[in-house]
């Protein structure tokens, strides 16, 4: 039995609120249950130094967690003077996932930055961030197309992400915090609408897992992403 | 005429949403018009090293602005590796203001940290932060009293803050961003319910001001704080 | 009775020694009693990036305190690897105050940096720094005019600064360290020769203050600045 | 055809030189072809603060690359003043992998740090590091057992790691640098001797991959690890 | 001919002003010509962690240069966030030199920190710092003895330092800035009153030097230190 | 009697392995007994900002020590976020020594960086680094000449370095770690093949030394360097 009473293949309620803030070219508040992440997409008409003059664009992400998004207060990274390894790992994953569905040549020499800030955390912040970031990116690119700055759409696929893990011996979908901290293995899966993978990361936490278990996690993840794709589509309608 | 069409002594709509997030001992989302600040109060049963063993508590604040809270994206302070002078100045002001109304001896050896994170900025973020922080602090202390950890209330006064400035020659209340960037002088006023001041900061930006102008700003600030006190009371009901 | 035996409206002896060091374009050692600050003005024929190509100049300040300027040794900020919030707040105030009396367009595309280093501290270091910085700036601009690099004087006003506070219930002028650490409220006032303000900062430390008290502090500050203006004029003769 | 002429399921020559340096409790130089990583295991009779007094040990890793381990010189992280996101991600992976096969309770209140320094890089540095780190850890634990500090072996499994990827449409084992920079997808697989996984990380680089491709990569990885287990055993003989 | 017109074995005028500031346990302003360094000695009744509980004291030094001590303004190290290699090298030399004449056991578990801040630079700042630091240290130790905290003098020798170099082919004593920047070789010599050396550092700058040249520099340095010992004695009278 | 049983004027065995790694333009592993330093020379066709457009090149060095090169593990400088004063002092010495024998004008607008990483430490790491760096530099310059990028050899001299010290009253050559930590004085000597000095640094550690002792150290150092020059020549054959 899951602490929340959910079935093993049951997602938490997903909500995606578009235009949660007004300055950014794309902005959503995405919630997977009590996990809430504010994502903004910022378009800048310049690229990082390593891309200058190459006629290509860049999509990147930054991730942060408010100090009291969690049960006990964490130190503010700006005050500590550096981002943790965890933060860097997550923001690299988000950026890589979105670049996997973007044709950077078609984007032209501009950069889109996805800022993913966790207002409240209850497990799955990085997968909520990726799922919300795709919507914010979509909104920003739609704006570029409406304004005529882009004529061909550089976004090639829909993408979503969800975590799954083995909790008390059972593979379950969309871990919340109590499950996440007790799971024997957990993974993050970044999936296209056609079922292919952009990223699979599955980590043993206390007990290694076999191929069969991995395949069950993959299947759960695909089920979860189907729901997320639906929520993304609704938010963009 | 103000860009927003407001009268010189007219505040923007104030809204204070309590319990915007769920983990913190106190939490509000405060809005002065389009300025929106998430404030959480975190209680920790330990004090900073300089206070250990003195039987006194501490109230402190940290301030941050999400990178795309503003019209153009700013760098993330955690990524730059340091907090700007502006950030430090603001968080020192917030902490000092709340300590001005708290009896630290009555608080006992514990620390309350007010995290003020700007989700959207349109002028007046530091005064909104102070005004919201008082509510979050109130909620956290109420919790300590309900749980019996405190028996005498250490909060001695209500406090609120607002900015005023001289815009196109006219003293106006509660500057929004277009006014703030064009004002000849602006000030931040932290005021008790009985009209006394915890802090007055008035700065010339382009034109120095005389005592009469300062007095008019003080009067506007008192009017504004009256409205904020009302909104605080409603949020706590 | 003040610890020093001074009358409430009595400044400490002011001394301003011009040309205390020889490499800078302007250099003074300013003393308010035992507070001694070395200020140099450095002219550079370039402006910070945000001003390049705009035909305008910049005036800025940096502030530091030697580790043993104080009663007990403080850590060296260069060794700690960062400037404290207090340091940043002070150097921002000094720079802002001097820009308030300088026409940056008339200055042309050059930068003048005021380095204010406290050799010995006994309260009021920031106001001594501002008062001395104006003299150093004046010397540097005089040099630019004598060399023909400037033909119209960009300095539009004289400016001075002093601290005042409420010590044992009495408003007093020019707080020294024993007063500063015991005052119920203290303020820093940056004032033009015609009596107008560039900056008013008044902070409650233990007891909030009313408008009447603020007005008395303003009046004391004006009296103090009159003496400082005299000392500045003598130093420049 | 692979640039090196290897068959798709062919590892590069593996060599593991034990006792490459003499001060550490465990030390190996591991080579996968031209990739060479020096790994040392250091035993310290203390644990990090979060574990103090809990009767448990800790295994952790640090990773570095000499500036000229690569084709063009990279900046030295010590000189830049921070470790890159890539470095942090890799050292977190190494530490997690070794903890997956260590019973931290049996280890007792001591820490073993695996320092993995890349002397020469040609693809696969993180997997070579994990594979070598297991040997260094084994040597260090053997020393603790020989000296009587441990009586029950805390290492529960053998572990090895290898990278695989899809190069010009073909899944291949043990990517070298030319393959790694051109692969459409690549993954790192950390595997126990019984075939179970401690970690699977598979990332699309230019083309997303389906489940069948992932399964083929898993199979190749198991084949590679079989060879690494053999080399580990020989090094320890 | 030297730029200053001095003879090859002629020091610049030396002046040592004791008690230049009042808070420190020892304080001097030392000048070698236009080079002026403020040195304070601070006594603290605690030692660094590596010495705790060993019954020994510590003598250490920190060095800084005000941004406009030099002909053109240098960046402030506190603002840059780190001390340069040159700064660290110099402060290590100063500390080592003073420890060479102090019996740390006799000093007891306390630390004396010598802060050497260059107010004006014209070559030879590190040797002026060492020479002045000895006087400040002497003053601080005298205070400890007068107050009864020490009964046996831990300072075992007098020490002074001077720079020499080969300028236009001629070995000269006490390089000023124009000589220093053009010298083919220069050295810093830290010398006891009995003629023995605590430190010899001689560096080729453009032309390597032979043993005979080194010996001539040593002889000049001894002559210079004789004068410095005289000035130290006078300052302490 | 020396701990190693060596005669006072006896070097440890010297070995220099060229081409220890393959990517760098020059690469050696140099060993003085158990001290082993990997040195690479990297050629880059650009110079640091202060030299741009001056038609001159630059030779510089960086130094690092692997965390477990020593008896007990040291912290990784990249993880601490800064290089120690010792590291900076050593890398400045290495760079200066190599520039002393290089005609930077003849080198042209390119930079050669010598990375010296200590794999195993047993005293004398900085002198081994200099001695090895000269070989790596020689190899890199030979490559530039063979490729026709240089036609005139910019290396003007051979250079080597060795440490000497006074151990139990006797001057000895090439201190190993047990001697180094107990020596009363030690020095590092950087010497040309014709016997002249690029750098002499001799430091008292517990007992100051007289001129005669210094001269004996110089003589020992010359003897040691003769052997090093022989090993360098062999490595380059």
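A, B, C, D, E and F label the chains in the order they appear, each numbered from 1.
The rule we apply is simple: a residue touches a chain if its C-beta (ideal position, glycine included) is under 8 Å from a C-beta of that chain, and two chains touch if they have at least 3 such contacts.
Just so it is clear, the model here is predicted, and its values are computed rather than measured.
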Seminar exercise, completed: Note: chains that touch subunit D and subunit F both are none
Exercise. Counting one step for each move to a touching chain, how far apart are subunit C and subunit E?
Worked result: 1
Exercise. Between subunit C and subunit D, which partner chains are common?
Worked result: none
Exercise. Among the chains, which is located farthest from subunit B on the basis of C-alpha centroids?
Worked result: F
Exercise. Comparing centres built from CA atoms, which chain ends up most distant from subunit A?
Worked result: E
Seminar exercise, completed: Separation of the C-alpha centres, subunit A versus subunit C, in whole Å, is 50
Exercise. Per the centroid of Cα atoms for each chain, what is the distance between subunit A and subunit D, given in Å?
Worked result: 28
For this session: Find the geometric centre of each of subunit A and subunit B from their Cα atoms only, then give the gap between the two centres in Å, rounded to an integer.
Result: 33
For this session: Among the residues of subunit C, pick out those that touch two or more other chains and give their numbers.
Result: 81-82
For this session: Beginning at subunit C, go round the ring through subunit E first and name each chain as you reach it.
Result: C, E, F, D, A, B
Exercise. Where on subunit A is subunit B touching in the complex?
Worked result: 21-24, 27, 34, 36, 38, 40, 42, 44, 62, 64, 66-73, 76-79, 81-83, 87, 113, 115, 117, 119-120
Problem set entry | Of subunit A, residues touching subunit D in the complex | 82, 85-86, 88-89, 91-92, 96, 100, 157, 187, 192, 195-204, 208-211, 214-215, 218
